[in-house]
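Okay, so here's the structure we're looking at.
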Amino acid sequence: QEVSIIAVTHGQASDPFWSIVKNGMMQAGKDSNVKVDYRAPETFDMVAMSQLIEAAVNQNPAGIVISNPDPDALGPAIEKAVAAGIPVISMNSGIAAASKLGIKLHVGQEELSAGKTVGERLAGLGLKHVLCINQEVGNAALDQRCQGVTEGFAGGKVTVLPTSADPAEIEAKIQAALTSDTSIDLVLGLSAPLVGERAVAVVEKMGNGDKVKVASYDLSASFLQAVADGKALFAVDQQPYLQGYLPVTFMALNSRYGTIPAGNVASGPSFVTQEAAAQVIEKSAQGIR
Amino acid sequence: MSSIDTPLVEVRNLTKHFGSVIALNGISMVVKPREVLCLLGDNGAGKSTLINTLAGVHQPTSGDFIVGGKSTTFYSPRDALDAGIATVYQDLAMIPLMSITRNFFMGREPMVGFGPFKRMDMKFADDVTRDEMHKIGIDIRDPQQAVGTLSGGERQCVAIARAVYFGAKVLILDEPTSALGVAQTSMVLKYVNQVRNSGLGVIFITHNVRHAFAVGNRFTVLNRGKTLGTYEKGAISIDELQNLMAGGKELQVLSDELGGTI
Amino acid sequence: MSSIDTPLVEVRNLTKHFGSVIALNGISMVVKPREVLCLLGDNGAGKSTLINTLAGVHQPTSGDFIVGGKSTTFYSPRDALDAGIATVYQDLAMIPLMSITRNFFMGREPMVGFGPFKRMDMKFADDVTRDEMHKIGIDIRDPQQAVGTLSGGERQCVAIARAVYFGAKVLILDEPTSALGVAQTSMVLKYVNQVRNSGLGVIFITHNVRHAFAVGNRFTVLNRGKTLGTYEKGAISIDELQNLMAGGKELQVLSDELGGTI
Amino acid sequence: MSIVADDKIKKTPADERLKKASVATTLLRRPELGAVAGLVLVTVFFLLTANPSMFTLAGIMNFMAPAAQLGILAVGASLLMIGGEYDLSIGSMVAFAGLVFGAALVVWQVPLSVAILIAILMAVVIGVVNSQIVIKTGLPSFIVTLAFLFILRGLTLVGLKWASGGATQLRGMKEAAAGSPLTSIFSGDAFQGLFAWLASNDLIAKFPNGTPQVSGIPVEILWFIVIALLATWVLLRTRFGNWIFAVGGDERAARKSGVPVVRVKTVLFIITALCATLVAVLTVLDAGSTDARRGFQKEFEAIIAAVIGGCLLTGGYGSAIGAFLGSIVFGMVLIGLTYTSIDQDWYLVFLGGMLLVAVMFNNVIRKRVTGER
Amino acid sequence: MSIVADDKIKKTPADERLKKASVATTLLRRPELGAVAGLVLVTVFFLLTANPSMFTLAGIMNFMAPAAQLGILAVGASLLMIGGEYDLSIGSMVAFAGLVFGAALVVWQVPLSVAILIAILMAVVIGVVNSQIVIKTGLPSFIVTLAFLFILRGLTLVGLKWASGGATQLRGMKEAAAGSPLTSIFSGDAFQGLFAWLASNDLIAKFPNGTPQVSGIPVEILWFIVIALLATWVLLRTRFGNWIFAVGGDERAARKSGVPVVRVKTVLFIITALCATLVAVLTVLDAGSTDARRGFQKEFEAIIAAVIGGCLLTGGYGSAIGAFLGSIVFGMVLIGLTYTSIDQDWYLVFLGGMLLVAVMFNNVIRKRVTGER
């Protein structure tokens, strides 16, 4: 019988980051010759996600891969899976709760701690005022990115700017923020394709690239081009492809041979800067990086 | 109070403005028990506005309003209903999607049961509806049928039957016969007659002078928001009344031209 | 075609079903130029359904329909309008939020200009509207006023004026006088007379036998979806007609009781 | 008074102008008919395409849980829609009520019963505010409650940051509520003893470790059923129900007939707010946490469920049982995809397609049966 | 025919039953009056609270750009609303049209003009599908287009993954379109020469390096103005405009008067789809890329803008100029908060509050002026 693995995450299939995760999972499924189903609620909805996990449990797959941004809300469903004897691997978020819930291992890094690392790096560059642009306020995973930066950015100020994902609105709001508060010296996007690229465009249009720098979470071809051209400082890479690929591979191996790594796998964050950017562009355009 | 001469409803110097429009400009009127008061007048004379004010739909801009000998103000149609004034509106005030029974008892539902189990007495309501409609000459197949599926005339009859059933003291009918066929009209006029004889006061609005003459005891003619005069049945001829209703315009020429049958 | 005797519209054995309801069950009727055909009958007899079918609102279930000597099918009211049949519907078919002028010319807007600059000729439309309303006896303050602000009678007059203005051959009026005051009714009847004299055929629906007698040349009586008969004006008395309209019910008792004035 | 001669009776049961008249037709004329048809259609679809585990006991509980949460909202929304108004703020209300309830538990640390009372009070206040603005200004409720959709969602964000000290997630409600006798009414599964007994007798499936796969009926499902029945009773059998139909059918006519329109609308807005609060309490206690996205877009799902269930968008027509069935249809479509092998990327296409098919099918069936056109 | 004796004239200009009658009143009775009031209110608010840079030339262009994109949608939506229908699929349509247009450019590598033609064709097809389903089934357009909201959004995701080979973003449109004479019509700034001249003469602000701070008027603003004027002309001066009001005011009455209802509705749905496509083309060429989130929730913003602009949700009343002004109000509120020192967490509360205030103010002014109640 075919080995079936179900992945339930909190990221919609249309989210750029999560579409890469999904691509990784699908490729891993192909490579390891297992059937992978990717499921996610259409918005950041913990209640719906726990129901999706329960639906996965009912189908008795060989393994379940989950992201775990709210261990309180998802805990009971995960425990149900464990009770049913289905191995669970968590990825992206939820590292702290993994062992308590009986999860085999965790791949990836907590958004909050990733944010801290970014904040520390920015502080190290001598920046003073970060504008953190959140295109989906209320999505706890995104909120944690800004919160982490705030915690890591010792001695400086972080302002959160909520927007929608509409490019015109994002550009106009960045321009408004930059004109009304001239102390801002870094614009940080939480998504390179949705926000980072727009921020680069605004700073270029306003002609103050020497004063205001741009950085962003995640990768996108155009943003990497901007990094390579020196218009942006760096892109924060959590290697979503790995976050998707590895758990599926581990699950496949586990179901076939009963092997599983003994410890968590940290997939990020790493920083893509000017030197490395050019090589990643092509892979990014295909939804791999 | 039970004297024939104590008015059920009296209106003194009523005015009603809608924004810049002066719809009623000093109306006085009296309704006594056991009589049909016909309210006559041209289109836009203010008849509907007057009875809407009587029924609590509009609040008067100024003027006194005496019900059963006491000065009263109605803040909503419910107040008027509670004071025993039942109205058949020109627009009928019925909900097409609701059943005949539910329309019939709308706002005055019969209840049965106690405490949390208090509920509408549907059987009683259905029975009363069927009975009352039968009395007015319509045999409905199913009281749960939606009012929207009835013909205009049938709908008019439901509204009239409802008002009569709940009309404790005064029954107001705004152009009840305008959409009705000959048979239904006769039935409604006969009904008005009966209601009067049972001791209620009736206000009857119509554009048809013959209908007015058939049932009316007194005729109050409105013109452009004012009372033109009130006439006892014996004191005025049908032609004089018709001329008054037309707002004093000379109808003779026209009427002659068409053979004098209007 | 110009002969007095060629019918403008002829209907043969028309039937119309709505789901399980049989509204028309074999109607035949003829309208000739220079005559007023009165369509009479009880509530729910099928008068409105018949003229709605004539006007293209409904498609007939079966039956023939001959306009100007040719068998025709109307798929929409536009087809009927194009064939010269203008209708005043019982529900008026007016848009309350739109201005008098825009309602007047709705669906048949006068145009001016060429190519991309073709536009409605608002001045012409306003002038025509004001003129036509003046002719029917209403002096409107502003043709741009919303129809919703007019009284029911005034609205009826707009609908009639519109139909007359566009009525090339046949004018259909569905209970035009039911909501009108005495003066306005006279004006409409006089108008019908004029239209007939100018050579059109008129179908006139009413529940008032006197109005029918005042203008009608022939009377077709419907009952429960069937033609009960057609009578020339000279061949029937007003009382006989009234009895037929009531669907054959005996009205004498009632009428006597109420003083014989209905 | 038998003043009417028999020959005056206009319509006799055997009217020659009716082609047929069947008793079944009357039964089938109920507004929820279409929803039943939709439910059958969707069930057949999933029976054919989905993993058979979808229709095991566990699978049914699984799609009934979201259906119940949506359904509680949909029943409230359907009453309001029948009454002629919308409330687009219920989704945000779920989040806001969750915040208030959660903050009461973990920040102010009041007992569960008091926290629920505070949440209910807040719901009443918001229901009154919504209704008063709609009634006083005469603005369409669509636009007024749309404003509150934004306002309540925004207040939730602000409140969460305040309550949690900077995060958009508030946790610890489960611990704070533990021990209260009310907990079992608002969270967990009911009839656990029964299910354990059934499992031990091998009557229902169990996990390898011996516990039953379904440990009981989730309380939200019971709430859902109770509320749907209650709403149906109110609509069909009480005076208030008659008033709801009247106000939604024609507000002016209802007022003229003596129906207290203002009171009816106010109560309806309060009921919707209370339904949202109940869902908030249920999900917060279930999840033990709340966040700023809770209830996102639930207002539309509730309206969709009510429409699938036969409510007219124009008011005055519909049923609570219809909304109940509509929610189950929606819940099945929502979760059902997980049991099929359809790619998640097609999820929205699938959702939209099913919605369209269900509503169209519903419509066709209703027209066919009622002969309406 | 002067058959009417003078004494028969019922209403003379000096009617004693009118308290007053002013010429100004007539002018003020236009539906867009409330939107003007709302705009004044919002402007005053930001003049008092926002950083003064909001009302510099650069600041105005800044909030006008999103306002223009929304406004193009809102003008289309307002025509459809006046015609008595909604289109909730326009937001998803922006994304889908962006995908089709982008794929034509970079995958099929057709010239810009052909790509635009393909996008237009697709818009016509979707407009026709939407309208035919609404007309044929008689279902409310709210629910039909809601289904297409999901379906088109889903198809966009699937299509993007196919076109880009796995990503949710498709890029390279700017390069593919470069060189076409049409580029300057659909992207960039207009009147750049004029603005450069103005800057060199110190008439407008410039950057330290001498280039003007505002290099020209973004083309979307010009499109926005042109489309609003065109729509206004159509509504007020053409036969089709009369038909739109008639169909929205009372569909049955319009049909009875000979208005081709089906044709009018079909054209209106096509117009809305075309407006969405135009926005898609403008934003894709501007950004050089498209992604699965484009146009998210724009349908509601468009309806809000139309309602602020005086359109009735029930159809038959409204104006395109109103929707134009409403979009500017919405754009100002959306961007304006960033210019103030208010905590950005309050953004949704503020948006909802301003929406409510603007609509209520609009309503009060209209009632005050028209004396309606």
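Chains here go by letter, A, B, C, D and E, matching the order in which they are written, and residues are numbered from 1 within each.
We adopt the following convention: contacts are C-beta pairs under 8 Å (C-beta built on N, C-alpha and C of every residue); 3 or more make two chains touch, one makes a residue touch a chain.
Remember, predicted model here, so these are calculated numbers, not experimental data.
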- Item | Any chain in contact with subunit B as well as subunit E | C, D
- Relative to subunit D, the most remote chain by C-alpha centroid is chain C
- Message: So, comparing C-alpha centroids, which chain is the farthest one from subunit E?
- Response: B
- Centre to centre, by mean C-alpha position, how many angstrom separate subunit A and subunit C? 71
- Message: Based only on mean CA positions, could you tell me how far subunit B sits from subunit C in angstrom?
- Response: 29
- Item | Whole-Å separation of chain centres (CA-atom averages), subunit B against subunit D | 43
- Message: From the mean C-alpha coordinate of subunit A to that of subunit D, what's the distance rounded to whole Å?
- Response: 34
- Task: List, in ascending order, every residue of subunit E touching at least 2 other chains.
- Result: 8, 21, 153, 157, 161, 345, 347-348
- Task: Please list all residues of subunit A that touch 2 or more other chains.
- Result: 13, 137
- Task: Give me the residues of subunit C that touch two or more other chains.
- Result: 154, 183, 187, 190, 249
- Message: Please output the residues of subunit D touching subunit B within their complex, sorted ascending.
- Response: 1, 3-4, 8-13, 15, 21, 26, 233, 237-239, 241-243, 245-246, 249-250, 252-260, 316-317
- Spell out the residues on subunit C that touch subunit E in their complex, using ranges where they run on. 55, 57, 76-78, 81, 87, 89, 91-98, 102, 105-109, 111, 118-120, 122, 134-142, 144, 154, 183, 187, 190, 194
- Task: Sort out for me which residues of subunit A touch subunit D in the complex.
- Result: 6, 13, 22, 35, 37-40, 42-48, 50-52, 54-60, 70, 72-73, 75-76, 83-85, 137-140, 143-144, 147, 150
- Message: Help me check something: in the complex, which residues belonging to subunit B touch subunit C?
- Response: 41-45, 151-154, 175, 178-187, 189-190, 193, 207-211, 213-215, 238, 242, 245-247, 249, 251, 254-255, 257-259, 261-262
- Spell out the part of subunit D that touches subunit A in their complex, as residue ranges. 51, 53-54, 56, 58-59, 62-63, 65-66, 69, 153, 156-157, 166-169, 171-172, 174, 207-209, 211, 213, 283, 286-289, 291-294, 296-297, 334-335, 337-339, 341, 343-345, 347-348
